[in-house]
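Same chain, two partners: subunit A is paired with subunit B first, then with subunit C.
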Partner chain A sequence: MHMRRDTKTSMLLLPSGAIYTALLLAPIALLLRTSLLPEGPGAPLEGPLSLSSYAALADPYYGAIFVRTLRIAALTTLFCLLLGYPLALSVSRSRGTWRRLQLLLLVSPLFVSVVVRAYGWMLLLGNRGLVNSALLSIGVIDAPIRLLYSEGAVVLALVEALLPFMAISILAILDRLAPELEEAARGLGASKFETFRHVTLPLSLPGALSGALLVFMVSMGSYATPALIGGARIRVVVTEIYTQVMAVFNWPLAASLSLTLLALALVVAQLARRLEARGL
Partner chain B sequence: MADLRIENLTKRFGDTVVLDGFDLSIEDGELMTLLGPSGSGKTTVLRLVAGYIDPDAGAILVDGQNVLTLPPEKRDIGMVFQSYALFPHRSLYKNVAFGLERRKVARDKIASRVAEALTLVRLEGLDARFPSELSGGQQQRVALARALVIRPTLLLLDEPLSNLDARLRAELRLEIRRIQKTLGITTVLVTHDQEEALTVSDRVAVINDGRLQQLGTPDELYRKPANRFVAEFVGKMNLLPAEREGECVYRFTTGETIRTAEAGRKEHVLVAVRPEVVRTGAEKGWNRIDGTVAHRVFLGELTEIGVTLADGTLFLARGSDLPTVAPGETLTLSWPVAATALLDP
Partner chain C sequence: MMRALVAPLYGFLLAAPLIVVYYSFSPGVVLEFPPKEFTLTWYENLFERQRLVQAIGVSVFVATFATAVALIAGVPAAYALTRGRFVGRHALAALFLSPLVLPGLVLALGLLMAMSTLAPGLVGTVWPLLGAHGLITLPWVIRAVSASLETADPHLEDAARGLGATPLAAFFLVTLPAIRPGVTAAAAFAFIVSFGNFALSMFFTSGTVTTLPVAIFEYIDQFQDPTVAAASTLVIVGTAVLVGLTAPPRKMELP
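Our next item is the complex of A and B:
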C-alpha cells in the first residue's frame, strides 16, 4: 500500500528529475571523468586514468586559495547574520506601511544584477573612487589607499549582495512565531531581554541556520563579485577554475578543483543538518 | 491573596471602542467569569489586566494598588492562553520551570515546586516530553501548572477549554474549579460558552459591545436575566412581545392574556419563559398558549418540542417526559405564573 502511494508520488518528480539528471548529474559525471585525466597546462584531455589533478591540489598555492574561499564565505555569513538578524527582527515587529517600506528596502538590492552592483562598488572603492576622492580632498590621506582588490572589499560586496537572503530566511521564521509565546514569557516574569534570549532567539535559530547555509554556499560559489572586486590578487576557488579553463587550458585541474569545492559544500550542508537535528 | 478592581476601563483600537467605561470588582478567592460573544471585549479586559495592552482610560487595582504602570513581568499574574502558548523548544519540565528560573529560585527548589504543580494538575512522569508530544488536554494542564507554579496573585484564563473536545472540556472544567478552590486563588475566566460559565463560576459578568450587561451568580443570571441580550445568550429563552392590560396582566400580540408574579410598569414588554418550565396541555392556574407542532427532537437527557404560534413565532418546550406529538398537530402549552419574567423589548 505504501509502495503504491510512493510510486504515484514519485511520478511528480519526473520532470524536475529529468532536468536534474541531464543538467546536473551528467555534467558532474563528466567532470569526474575529466578530473581523472593527466593534468597540465594545455593538457590534451586523453591518456590513462590518473589522480595527478588531485595530487596537484596539494600545492600550497591551492591550499591558500581554498582557505581564502572558506574564510570569505565564513566572514560573509557572520556579517550577514549580525546585520540580518536585527533587520529581520525590525521588519517582523513593524506593521503597515513602515513594514512594507522596510521589506522593499530589504529586497531592493535584488532588483540590480550582481555585476552592476560590483561595478558600483568599484566606482566607490577604486583609487579614483568616491571614497578615496573624498578622503584626499579633506586631506586625511595624501595618496589613494587600496580599498578595491582586497579580501575586505570582496566580503563587503558579498554581504551587500547576500544580506536579503539571510534576513528573509530569519523573517520567515519570526513572522510565524505566535505572539502569545512572548506574552506568556513576559507574564511569567521574563524581561524583554530575557524573553528574547530564552524564547524568540532559540525559536528563530532554524531560520538563521538555513539563512547561514544559503549565504555560505552562495558566497563559496560566487564568481562575478570576487572576479570584479577581488581581481587577480584575491583568487578564490571559482575564479581559479575559470583561469584554469580559459587561460591555462588545464581542464583536469579545473575539474578536480570543482569537485573538491562541491565536496566541501556537501560537508558544510551535512554539518548544518546535524546542527539542526540536534535542535541547535 | 488578592482582590481585583477594574474602574472605568476604556479601550479603543483605532475608531472601534472595544471597552467603554467598564467597571468590575472581583473578590479575594472568587472565580469570576467574563461571558460574552466574540468581539464583546472580554479578552481585552484580560489582556489589559495582564499588561499586554494599555487602556485609554481607567484603572486596574490589585489589592488597592494600581498596576497599570507595571510591565507584565512585574504584575505577578498567571495566565493561561487559549492556544496554551507552551514553549515548543522546552520540555514539559522546562516549561513549568520557566517562571521560577526568571525569579532566580534555587535549582532544587524549582524541582520540588514543579513536581508539586504537576501533581496538582495530575500530570506526573511526563517531565521530559515536549509540547508537541502531549495531547490537547495534557497541554492545557501544563499551561495551568506553568501559570500556577509562580504562585501568582491572580489567575487569568482565556478560553482555556475551547480547543478541547466536549467530554474533555466537561472534565477539565471541574478540574479547574477544584484547583481554584484548593488554592483559593482569585481567578478571572473568559469564555463564550455559557454552560462553562454557569458550571464553574462564583459570579458571571455578561459582556456585550464592551459594556457590562449583567453581573450575578449563575443562578441569578439564569433565573433573572437583566435584559434581552442576557436572556438569549444564557440558556434558551422564549421571548414574546406583549402589552400591559392591568396589574400583572399582559396580552400577547396573538391574543392570549397571561398573568405575571411581578408587576411591571412598562406598556410594551417582552415576556420571557424558559423552555424547561413549559409543559404540554392546560394546567390549572398556569399561563397557556396554543399553536401548531413544528418539530419534536430528542436532545439526549431532554426532548424539545417546537410549536409555531399564530403570529409565526416558534415557542419551545423542553422536558424529559414530553408526550409524543406529530408535526401539524394543535397543541396547548402552559407554564407557571411564577416562572413568567418580564424584560424590556
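Our next item is the complex of A and C:
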C-alpha cells in the first residue's frame, strides 16, 4: 500500500521532470556535443569530433580569464563572509520591530534587478559619478579617478548583490542555536568576545560554509555585473562566452568554456561538501 | 553598539537602488548632489520610448507565464520531494534546484544551441524566453513551497484521508490552505526573479521581443540620461507593492 502510494506520489514529478529534461539536460547534452566540434571564428558547426575547442583553452589568454574569474569569486566570498557575519548576528540578537526592519532591509536588494543595481553603481562610481564629484569638490583629487571598469568595482558590486544571501545563510543557523549555550559560556566566566570566538562562531560555521558556496558559485557565473561594471577591460569567463557566441561566432569554443565553468562549479561544490563532512 | 556597526552595511546594501531612484528625478543628465530641483521629465520621456514601454509589456507577459508554469509544475514536484519516499529523491532535489546556482548565461547558451538544432523555427519568437524564464523560476517555487510543506503537519492530511477524502481533495482542502502563504510568496518571488533576470534573456531578444532588463542594458549603452532610472524606479515601486500585497513583512518567510 505504501509502495503504491509512493509510486503515485513520484508521478507528481513528471511535469517538472519534463521541463528539466527539455530545458536543462538536453541543452547541456547539446553543449557537450557542440564543444566537440572543430572550433574557430565562425566555425560551421559540423565536421569530425575533435577536442580542438578544449585544446584552445590552453592559451594563456583563457588561463588569465579563468584565474581572474576565480580571484573575483574568492574575494567576493571573503568580503561577504566578513560583512555577512555582523549582519546575521545583529538580526539574530534583535527582537520586534528592529528585527523585522532589518530582515526587510536585508532582503529588499534581492527584489531589484541586477541590471538596475549595476546601473546604480555606474552612477556612483563613473567619471562624473557621485563619488568622483564629491572627491573633486572637497579637493582630494584634481581630475576624476577611474573607479569603474576595474576588478575592485566588480567585486564591490558583487558583494552588494550577494551579501544578503550570505547573511541569510548564517542567520538560518544562528537562529537555531540554543541561547543556553552562550549563557552557559558567559556564566562560566567567558567574555563576550570569548563566547563568540569559542561557542557561537564554531557552531555557526556550517551556515557560513553553505553561504560561501552559494556566493562563490553565483559570483563565478554572474554576467550582468562584470559586463556592466567591468566592461571590456575586466573579462571573466561568462562575458568571454558571450563574446564568443555573439561577436566571434565560435560556438564550439563558447561551449567548451561553458562546460569547463560548469565543471569548476561542480568541483567547488564537491570541495565544500568534503569540508562539511569533515565537520567544519 | 551593534546598530552603529551594521547601519553602514544596510546603507551599502541600499546605496545602488537609492541612487537610481534619486537620479530619476534629477533635472539634468549630470548627477548632482545636493539637488537643485526635482523633475518628472524623464518619466514623460520614458513613455515616448517605444522600446522601453514595449519591453515592460514583454517582461510582464513573460514573468506571468513563467510564474504560472512554475506553480503548475513546481507545487506538485515540491510535494513529491518533501512527502514522497522513493529512491533518488535527494539527487533529484539537487538537480531540480541546480538552476539557482548554475551560470544563467551558460543555461541560456545550452537552450540556444538546443533550439537552433532541434527547433530552429522558434528562433526570434517569444517561446525561448518563456522556456528560459520557466526554467529559472521553477526551482524558486520548488524551494519555497518545499520549505512551507516541511513545516506543515502531514498528519492533518492523513486525518482527512482517514475520514474518506480522496488524495486530491485532501490536498486541496487541507494541505493547500496550510501552505498558502508559502505558495503566494513563491509566486511573488518567481515573478520578481523572472522580471529582473538578465542573463537568461540575453540570447533570446530581438526586434520587438525584448525584456526590460535587456532594454535597460541597451539604453545605458547608447544614451546617458535618467530615462532608464525612471523605468527602474517604477519597477522598484511595483515590486514593493507586489511584495507588500503578497508577503507583509510581519509574516515574511525567508526564501
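Going forward, the second predicted complex is superposed on the first by the 263 of 280 C-alpha atoms of A that agree within 3 Å, B and C clash if a C-alpha of one lies under 4 Å from a C-alpha of the other, contacts with A are read in each partner's own complex, and residues count from 1 in each chain.
As a working rule, a contact is a pair of C-beta atoms (placed from the backbone, for glycine too) under 8 Å apart; a residue touches a chain by one contact, two chains touch by 3 or more.
These figures come from a predicted structure and were not determined experimentally.
Visitor: When the two structures are laid over each other on subunit A, do subunit B and subunit C clash or fit?
Guide: Taken together on subunit A, subunit C would fit alongside subunit B, as the superposition shows.
Visitor: So in the superposed three-chain picture, is A:127 touching just subunit B, just subunit C, both, or none of them (first/second/both/neither)?
Guide: neither
Visitor: Quick one: is A:106 in contact with subunit B, with subunit C, with both, or with neither? Answer first, second, both or neither.
Guide: After superposition on chain A, A:106 lies in contact with subunit C alone.
Visitor: Of subunit B and subunit C, which one touches more residues of subunit A?
Guide: Subunit A has more residues touched by C than by the other partner.
Visitor: Should A:198 be classified as contacting the first partner (subunit B), the second (subunit C), both, or neither?
Guide: Touch partner of A:198: subunit B, not subunit C.
Visitor: When the two structures are overlaid on chain A, which partner does A:187 contact: first (subunit B), second (subunit C), both, or neither?
Guide: Only subunit B; A:187 stays clear of subunit C.
Visitor: Based on the superposed arrangement, let me know which partner A:114 touches: subunit B (first), subunit C (second), both, or neither?
Guide: In the superposition, A:114 contacts subunit C only.
Visitor: Just to be sure I read the superposition right, which of the two partners does A:178 touch: subunit B = first, subunit C = second, or both, or neither?
Guide: Only subunit B; A:178 stays clear of subunit C.
Visitor: Tell me, in angstrom, the smallest C-alpha to C-alpha distance between subunit B and subunit C in the overlaid model?
Guide: 19
Visitor: Residue overlap on subunit A between the subunit B contact set and the subunit C contact set?
Guide: On subunit A, the subunit B and subunit C contacts do not overlap at all.
Visitor: Hey, which residues of subunit B end up touching subunit A in the complex?
Guide: Residues 50-52, 71-73, 75-79, 81, 83, 85-89, 98-99, 102-103, 146-147, 150 of subunit B touch subunit A in their complex.
Visitor: Across the complex, what residues on subunit A touch subunit C?
Guide: Going by the criterion above, the answer is residues 2, 6-13, 15-17, 19-20, 22-24, 26-28, 30-31, 34, 83, 86-87, 89-90, 93-94, 100, 102-109, 111-124, 128-130, 133-134, 157, 160, 163-164, 168, 171-172, 214, 217-218, 220-224, 227-228, 238, 241-242, 245-246, 251, 254-255, 258, 261-262, 265, 269.
Visitor: Which residues of subunit C touch subunit A in their complex?
Guide: 2-3, 5-6, 9-10, 12-20, 23, 30-33, 69, 72-74, 76-77, 79-81, 83-86, 92, 95-96, 98-99, 101-107, 109-114, 117-118, 131-132, 134-135, 138, 142, 167, 192, 195-199, 202-203, 212-213, 216-217, 220, 228-229, 232, 235-236, 239-240, 243, 249-250, 252, 254-255
Visitor: Hey, which residues of subunit A end up touching subunit B in the complex?
Guide: Interface residues on the subunit A side: 178, 180-181, 183-191, 194, 198-199, 202-203, 279.
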